[in-house]
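The structure appears right after this line, and notes come after that.
Going in written order, the chains are labelled A, B, C, D and E, and every chain counts its residues from 1.
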Amino acid sequence: ADKASSNEAASNTEEVFKSQILFKGSSTLAPVIAKISTDFIEEYKTWDKVNKDFPNKSVDIFVSAGGSSAGVKAAMDGSSDFGMVSRAVSDEEKDKIKGYQEFKLGVDALTISVNPENKIYEVKKSLSTEEIQKIFSGEYKYWDEVEGSLPHEEIVIVTRDLGGGAHKVFKKKVMGDKKVREDAIQAPSMGALVTKIMENKNAIGYASYGMVNQNAGKIVPLDVDGIAPTKENIVSGDYKISRPLLIIKKGELLPQQKAFIDVLLSEEGMKTVEKMGFVPAK
Amino acid sequence: MKKSKYIGIKLWSVLSGIILIVLVLYINSYIFSKGACGLNINFLLDSPKGFPLGTEGGIFPAIVGSVCFTLVACFFASIIAIATAVYINFYCTNKKICGLIHIVIQSTSGIPSIVLGLFGYTFLVVYLNLGISLLSGGIVLGIMIFPFIEVRVEKALGEINNELIYASYALGVSKSYTFFKIILPMCFDEIISSIALAGGFAMGATAPIMFTGGIIHAPVPKSLFSPAMALPYHLYILIGEGISIENAYKTAFVLLLLLLALNSFGILVGLLRKEE
Amino acid sequence: MGVILETKNLTVSFDNKKILDNINIKIEEKKITAIIGPSGCGKSTFIKSLNRMIEEEINSRIFGEILLKGKNIREMDKEQVREKIGMVFQNPTPFPLSIYKNMIYAPVYYGIKDKEQLKGIIEEKLRLAGLYEEVKDDLNMKATKLSGGQQQRLCIARALTVEPEILLLDEPCSALDIKNTANIEEMLIKLSDKYTIVIVTHNLSQAKRIADSTAFIFNGEIVEYGKTKELFENPKNLRTQQYIEGIFG
Amino acid sequence: MGVILETKNLTVSFDNKKILDNINIKIEEKKITAIIGPSGCGKSTFIKSLNRMIEEEINSRIFGEILLKGKNIREMDKEQVREKIGMVFQNPTPFPLSIYKNMIYAPVYYGIKDKEQLKGIIEEKLRLAGLYEEVKDDLNMKATKLSGGQQQRLCIARALTVEPEILLLDEPCSALDIKNTANIEEMLIKLSDKYTIVIVTHNLSQAKRIADSTAFIFNGEIVEYGKTKELFENPKNLRTQQYIEGIFG
Amino acid sequence: MYKRLDKIFNIFIKGLTFSSIIMLSFIIIFIMKESISIFEKVSVFEFLLGKEWDPLGQPPSVSIFPMILATIYVSLLAVAIALPIGVGSAVFLTSILNKRMRKILKPSIDLLAGLPSVIYGLIGLLVFVKFFEVHFDFSSGESVLAGGIILSIMILPFIISTCDESMIKICKQYKSTSEGLGVSKYHMIRYLILPACKKSILAGVILAFGRAMGETMAVMMVIGNSPVFPKLFGKAQTISSLIALEMGGAGVDSLHYHALFAAGFVLMMILFLVNMLFHYMKKSIDM
């Protein structure tokens, strides 16, 4: 299964037609692609239904998580066809991927979210960047240090692991030089992070905007510097902790890959992105 | 006075025994009770659905994927394990080489499964370009269970009366003839049950396939080169991401049933042969 | 009659410990040769080296020559040697198969496929071993269900199925009672019409009863070798004399 | 001297197969009584029933009475019986602990805690068993590292630590060489000053050498019982005569 | 015909054995090779004994001392919990239960050993972690304690089966002797079986310790995964959970990647030593 050679020979000879597409990377994006691909597979089942020129082979689209860096890495080393990345790809990384291509699906924001049992959103709806820094770096250890009327209970920080795109974005846009305290809980995925906040009444973490929408009521986003994480604010860029949702690729697209990407970027695809709680690119 | 002196020991052992029994009962009934209710045929035969994926639908691709991983692992591991055991028992005439082989097997059994996964990812997936696939994951699982099978088969072969084997050699027949006609039939059941038991370990393992073959969403695998879902990994995702605790219980239950079936298969083979 | 088997300076060691030291012996064709000696003196080692079974033991080393009709057996194929020189062990070793399958085990290996022919061989050899009448109706019974004496006779019959020229027996009767022993002794005498027999025994009266020649091994060396009658009645060596008088061993 | 132990119609069966049949015997105090008989006749079964060890075997059934100084032992506490009637087995069974711990094993159970007192007991009993001089500097050595003879003497010394009145020995020398056997025989004769000894032996000359009385058991029955000298020189029963002449068994 | 078959079989067996042995040795060497290059950038000392793990920071720092400590800490904790229960259960199985009951209970212990670690993780997360959060007022239930408890259940079968084996042996061998001295069953347990099984118990502990250190999923799900110095009620990260969590995102040939490999290598070496110790113990017991 050598990708370079199949690339050239892809001119519709049946033997080398690659019916499988593998996505790997961002745990934020993985559920979205998984959803769209199941719909896609259900609709077409075999490639010849997608396009008459394709052979009669079943459509196999695989989705694997691991974090945005894993997506970049997988695109780089060729262990998957596409990388899913929910942060900006650095120039350095782009240089390492030959024939780099990216497709933007939408925009996500990191909301500073807490458990609904935490009454902070009633007394103090907005946190300043500085306060967030202090909470995440461990300068504030108890909730009553953040706001006097809150109980004297320990703050539980939930973060993504270092491979997650969210962590990089959060570090860059909020923390600056400061370090996130080391005894934070490292969740292996965005889903795990949100789950932890929903389960622990003292938890705070940077939950994805999409996830907040999916779990409305079970998790409460706070404003940052007085700006609420709403669709408008995110699009306008007023809400500062936002990030792009990207699909990246090394080298040229095969025709069947293009067919699927077209679906992703189509109006239908965008609707799904929106339905999942994210801000679609178009 | 004599009696009271030992009350401590009595209490301690009985208490430990009770803790043990309670643990066994609790863990099993926990999974069984939470998993068995609401389990229906659709859950077994459907693919994961809903958003996020897994909240609805079933786990069919994961069941098939797990079975495939296990088959690949067992196939791969049992061939080399049996060959090695046969070599040590019947071909190796040099103690030093035997010792060396044992050391290598020992060291392999000491490699933590996550490190094996690490190796599998770098070497099989990236260098050898096998991709994230059933094959890569199966091979890593195979390496993981290889020592287990080897040790048991070697023991089973070693327990065969040497005189019997010599009696066969003394008739002027070859080693392979002896092996297939006498040795293999004698410890066939032991070999099968070791493989079944090892298969159970492979089926329950997550760490080795996390980077090498198991992924969060895939249809039923169609070739050795496609990646696949696996029950334990799916279970991990379901709990870890808080997708659906209810489905997680059901998945755990199904996994447990599969393991139970695998083990009883091994035992059954043994029983059937004894009856003969 | 001629010499069929001859060892020249045969020396065997395990882990560099010499077990057999410079053995020179000539074994006569179609006679019974008995090997006697105290426990651990190397009798089994000696007899095992005659059909190269000793090479299966880990860490065994063999020096010297063993000539079968003048041909060095170590230059022959192992399997061929064992086809010509059969062996029966101390404990009966029937394979855990039916009697029938035990008997056809070797012939099938040597390429005999015809059912009738196989049946012929089985009957002939079982008769030779005096077992045929006892088992002819139960050929499909598991061989391990036979009595000890029957098992041992089956093993001898099985060894004969490859048509060896020489039959080596390592204390074949030590696990058997008097009646079975008598049966087997009788059979061996009959067999010596057709086969050369070498038998290790710790039972001196057995050697006296059946052997034409007897070799006395002590500490890995052949102390005395000659006609059985001669050796028992007029031992030339003091050790031999002491041994057959029961003073040691 | 008086009778210390007496069986009345003692019958033991395993799985409804009678192994001992109606045994009536009186064992004299501070004497050595030997039990002889062919293998499988029930010697071990008999001696094991004397301290109720036989009850530990599943499927054993016991009928009749065993009286220790007139008291039925089956109405006593099992452990108390064994405290009074010690036992030593055929193969030496030192516990895989140090010699010291082997020796204090039972005394600690019977409530002796004082270190000095324990030391006193150890020295006394080891001396009685003729082992003290050999091991006094190595009391912390593993008992399993002792030689076979030393191990057996240790087991006897250990049996003595509970201060039994009777010591039962089941072929205590069968695993030992001549020198160790002589040691133990000498020791037993010395011990009979203080203890009643019942010894099972398959070595007739041993019985002759040390026993005051001897009982010959055959097929689960006592065929003859009397003074040792009498029994060996003038056996009244034909079977006894045949057995001591070595005609069977 | 069978001769030709024999030749093929011969080549097949030898070929497979040697290729598998070479392959296995290759794995070990490969892991070593992938690890070594980290030490061009960081000293061994710094890697093993430094305090901070931040491979993506500027400047990056890679030290796995907290993880090594955490790995040892949870494993020791697990052993400390499992040891008394395990040995007690072994005594219970061999000396108190009758044969029939033992026959019933034995397979269920095997069942415990055969449960996949994710299922243990699930129970850990949904039972213990929850329990700590609700009843003990932990700020978060993820803790070294939770990891230790889950691991202790996982290693219990190993301790039981090693002890059980030698206890049965000792019991069989010396039961009648001990009974002959008129002492009770419990005296025999206390003064004979337990002292005589000391080495087996130790061997069981070492084996179990090794298993605990190599475990990944169950621990990763309940321990919180913070690369800090471990405290009983605090979060921590073991070497294996570090690898499982971060390997997915570490770019091939990056510093991060080699550091993770080196962490795996260190774990492997520790386990290797532990296993050697186990085999040494086992040998000296058999003698």
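In this section, a residue touches a chain if its C-beta (ideal position, glycine included) is under 8 Å from a C-beta of that chain, and two chains touch if they have at least 3 such contacts.
Fair warning: this is a prediction, and the values are worked out from it, not measured in the lab.
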Both-way neighbours, i.e. chains that touch chain B and touch chain A: E
Pair joined by the larger number of C-beta contacts - B-E, A-E: B-E
Furthest chain, CA centroid comparison against chain A: D
Geometric centre distance via CA averages, chain D-chain A, whole Å: 83
Centroid distance [mean C-alpha coordinates] between chain E and chain A, Å: 35
For chain D paired with chain E, centre-to-centre distance based on mean C-alpha positions, whole Å: 49
Overlap residues in chain B, where contacts from two or more other chains coincide: 2, 121, 126, 173-174, 177, 211, 240
Where chain C touches two or more other chains at once, by residue number: 79, 109
For chain E, residues contacting two or more additional chains: 2-3, 184, 187, 244, 248, 252
Interface residues, chain E side, partner chain D - complex: 170, 173-184, 187, 191-192, 195-196
List of chain B residues in touch with chain C within their complex: 92-95, 161, 163-164, 166-174, 177, 181-182, 185-186
Residues of chain E defined as touching chain B within the complex: 2-3, 5-6, 8-10, 12-14, 16-17, 19-21, 24-25, 27-28, 30-31, 34, 84-89, 91-93, 95-97, 105, 108-109, 111-112, 114-119, 121-123, 125-127, 153, 156, 160, 184, 186-187, 189-190, 210, 213-217, 221, 240, 243-244, 247-248, 252, 260-261, 264-265, 267-268, 271-272, 274-275, 279
Residues of chain C that touch chain B when the two form their complex: 51, 53, 55-56, 58-59, 79-84, 86-89, 91, 93, 95-97, 105-106, 109, 155, 158-159, 161-162
In the complex with chain A, residue positions of chain E that touch it: 52, 54-57, 130, 133, 139-142, 220, 224-228, 234-235, 237, 244-246, 248-252, 256
